[in-house]
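First chain written, first letter: the chains are A, B and C, and each begins at residue 1.
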Amino acid sequence: MAALNYPSDLKYAKSDEWVRVEGDIATLGISDYAQDALNDLTYVEYAVEPGAKVAAGDAVAEVESVKASSEIYSPIAGEILAVNEALKGEEDTINADPYGKGWLVKLRLSDASGLAELMDAAAYQTYCESR
Amino acid sequence: MGYIPHTDVERRQMLAAIGVTTIEDLFEAVPATHRFPRLKLPAPLSEVEVAREMLALAESNEHAQDFALFRGAGAYHHFIPSAVNHLLLRGEFYTAYTPYQPEFSQGTLQATFEYQSMMCALTGMDAANASHYDGATSLAEAVTVALQVTKGKRNKIILSPGIHPHYREVVRTYHQGRDVQIVGDDAPAQAAALADLLDDKTAMLAVQYPNFFGQIEDLAGLAEKVHRAGAVLVVVANPLALGMLKSPGSLGADIVVGDAQPVGVPLSFGGPYVGFFACKQEFVRKIAGRIVGESVDTDGRRAYVMTLRPREQDIKREKASSNICTNQGLMALGVSMYLALMGKTGLRQVAELNYHKAHYAADRIAALPGYQVNRERPFFNEFLVRCPQPVATLNQALVAEGIIGGYDVGQDYPHLAQHMLLCVTEMNPKEEIDVLVDVLGKVK
Amino acid sequence: MTLRMTMPEQVATPEPLEPLIYELSVPGRVGVNLPVCDVPAAPLPADLLRDDLKLPEVSELQVVRHYLKLSQLNHAIDKGFYPLGSCTMKYNPKLNEDMARLPGFAALHPLHDTEGAQGALALMYELQRWLGEISGFEAVSLAPAAGAQGEFAGILMIRRYHLDRGDTQRTKILVPNSAHGTNPATVTMAGFEVVELPSDERGDVDMNALKQVCREQGSSIAGMMITVPSTLGLFEEHILDVIETVHNAGGLMYMDGANMNALMGIVKPGELGFDVMHYNLHKTFSTPHGGGGPGSGPVGVNAKLKPFLPGPVVDILEEASEPDESPLYGFVMPSKSIGRLKAFQGNFGMHVRAYAYIRIYGDSGIRDVSRHAVLNANYVRARLMDTYKIPYPRYCGHEFVIEARLDGAESIHALDISKRLMDYGIHPPTNYFPLIVPEALLIEPTETETKETLDEFIDVMKKIAVEARQTPELLHTAPHHAPVKRLDEVRAAKQLVLCCAPALPGAAD
């Protein structure tokens, strides 16, 4: 089994989402740990559409594998700019490239304070390895 | 004794392996104050005695093998080819569990896939599940789907009063803990008038086809109105009637549910029956219950497996839309066997036999003084008769002549007191119908 | 690590094990002998008729061979050992099948007049009484169609009980984290919120957590659902304390009776203080599982909840006038009933089978069922203890869980052991449940298995443990001797072929 990746430029939530912040734009996806635990992903459904406002902790999507299902929460507040439609039918992209082409939603940050709650890569790795 | 195979010697060997002296030692965690209570049950009986006692109980019932049966109202006496029962008694089918291990359950899985296919064919839908408990719970589950599809923004459910009264009660039982408004039952029975209740809070409208009174409602145009209002059209259908009638799918239904009891399942005093649930492709991820899909094994051989599993309670737990676990597997299997035997022409033939015989009976009863047959709409194998006497009185006279008469509709619809719902099937030869008519004509 | 395997291009696709019934179809073939129409034909309503019906066209013999072949692709209790935990795969007596098919039962209309259905009603009345006696409950309703529906009925009754007292604040139901998925799903379905409770190191409910929740949120707790013995096969050691704690907070206690096969004549849940439970007739009372159903899930309640039972229930309408006569039985709706759960009155065919089963065992035999179910489980447990990790060091009920992680065979998962068992003709135990045990295998032998069968299973399990260390690949690629190999479940979920093409409207005949 290949070692799991924890890119250092990202922030991580306890519920296994990652966030990449560029200016006031945040991209969100699920971590390598999460895709590995879920195994082959077969379905993604978005709970939000572009333009929707979300609060920190709101569900934005649901991902499914053969024998598991997981809700994806936005750890930060903002306005949804885009959802990754390219994943429909190509859900294995999340398994192959969770931090790149496997992103789920992009949002415009309305309140950056939520970011402070998130873990850095080292803390998240420690957290994952203790589970 | 019973079905326990242990000998004294074996029990001693097993207890020694465990390291205890008596079986009772294994129950130390059970509070001593409540351990090993006395059971006030009857004494054990031999197989001979049990069979004798139960035969006596069975024979004290007035059943369709001894009586001419003209009662339907949601449960129907139809011909079931002998092959169905013989095949259902294969222990490999009925003593198997849910096919969670596909390598060891291809029989059940493929049969279920074929059942789903047949249900799609009958209803004109894209997908079907492996079944629900019965037609009523299928309808209740359709409500859940409609609420989900409309994302919780709509909570009004319109039910036609022409839906079986038990089905409507079950919908209310199922949704009593939720914020749902169930309306329409008190409106006129015609489907068209129900459409006036549609609004932007309506999640679903449901009608029965043929309805509880046997009438074939005019669904044409209804779907368009329901869809324009942004709601889901659910049709509760009789699968035997679908042997001849246009499929609800071709008339615009989004979800078709019902009980498949008429196509291969015995009356059995009300159960087990089998609720079918079929829908358009777009709803398939929202529906409850087991679903079998086609795939291949690692050799590339075509094989079947339960799929879309993350919808189910064992995975989604408190987030699942339904707690359903079992389907009516064995009944669904019997239904597929029945439909395979009947086939395309046989099912049509049985449906038409029902139609012709019911119409013959209706015509003859209509000619009796004091009886009025409701002909507002075309009917299938049931029809509503206004009688000159209370239905109970008529049924008493009929039983004395070896006939089980129609259902007393006034029990559920007060404005239809003294109305009998009669059902005539391929099991009623002409002579039986003639005797029914004669007796009805003679009751004073 | 992926289950998806691509086929080497040069290998021809193997033939399906059995064609689909649609693939056997030949236009014009008929499989049934129907009566001719003996009445004048009525004009058909042309505008209402369909012009297509995509059903297969096959002969009776083709149908018989098709389903016989399909049956042979299944594993079943009648074929071999089936130690599937939490499912109680005991022998399904053949007498029961004959009884359910007696015309007096099988051809009885559900809406038949009371007077003409006295035999069926008497049977249901007695079964209600016997089930109540076995579990120590005041009243029983046979209405629920399956265990999950019994759970739903139970939680709805708890809801109505509180509302009836004018207490509208109770919105939560406690559920241990070892519970069957149906429990939390039921809670949501009934409109409640789930509060999950942790388990302690002995596999019991964590009493400190329970007491804390009841202290802090007591007035919002409607009740608790708990399985006894637990899904780990363990009898809750503090059960009386659990019940008292929840009762003191004003909540009611629901017992999931899925594991009743360990308790008959051992302890009565009603006497322990439970307010309501469901029975699984298809587990404890030998009615067949049918490849996924039908089930039957009667509910038993104490006096408090009796008025809320789902209906109809059978009661005595008129007492017998003479001692040797029968009373008049009939259906009644309990005064504050939660309502109907299905059309008509429960899965009667299952009631008939359960009646026959209880009648065979009687007062002296029913306890033996549970005694031997527990004996068998403990025997297998004791003999596998040296080979496999068994997480809870105490006697089990009718089933036990092993943690399928073997030292020196790190690549082996519970699933691999399961699939390898098939090669020896044994159905795998329940996999990955309960969720709180990693790599769980839940083993339930049931009382109807002989010592020889158990010994053979034990030998096979030991042999597999050796194979796991010596030839792990043998397990990874198992089963080798089942009708098919492991399935591509990803493809099934992504391509979604849910019915065969010939059945689709518009497809060619």
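We take it that contacts are C-beta pairs under 8 Å (C-beta built on N, C-alpha and C of every residue); 3 or more make two chains touch, one makes a residue touch a chain.
Fair warning: this is a prediction, and the values are worked out from it, not measured in the lab.
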item: Chain contact topology (line, ring, star, complete or other); value: complete
item: Central chain of the complex, centres being mean CA coordinates; value: C
item: Two chains sharing the most C-beta contacts; value: B-C
item: Most distant chain from subunit B by Cα centroid; value: A
item: Length of the line joining the C-alpha centres of subunit A and subunit C, rounded to whole Å; value: 37
item: CA centroid of subunit B to CA centroid of subunit C, Å; value: 19
item: Centroid distance [mean C-alpha coordinates] between subunit B and subunit A, Å; value: 44
item: Junction residues of subunit A - those touching two or more other chains; value: 43, 64, 66-67
item: Multi-chain contact sites of subunit C, meaning residues that touch two or more partners; value: 489, 492-493
item: Residues of subunit B whose C-beta touches two or more other chains; value: 309, 315-316, 319
item: Residues of subunit A defined as touching subunit C within the complex; value: 1, 39-40, 42-43, 64, 66-67, 89, 91
item: Residues of subunit B touching subunit A in the complex; value: 285, 309-311, 315-316, 319
item: Subunit C residues within the subunit A interface of the complex; value: 1-4, 489-490, 492-494
item: Partner subunit B, residues of subunit A touching it in the complex; value: 43, 45, 64-69, 71
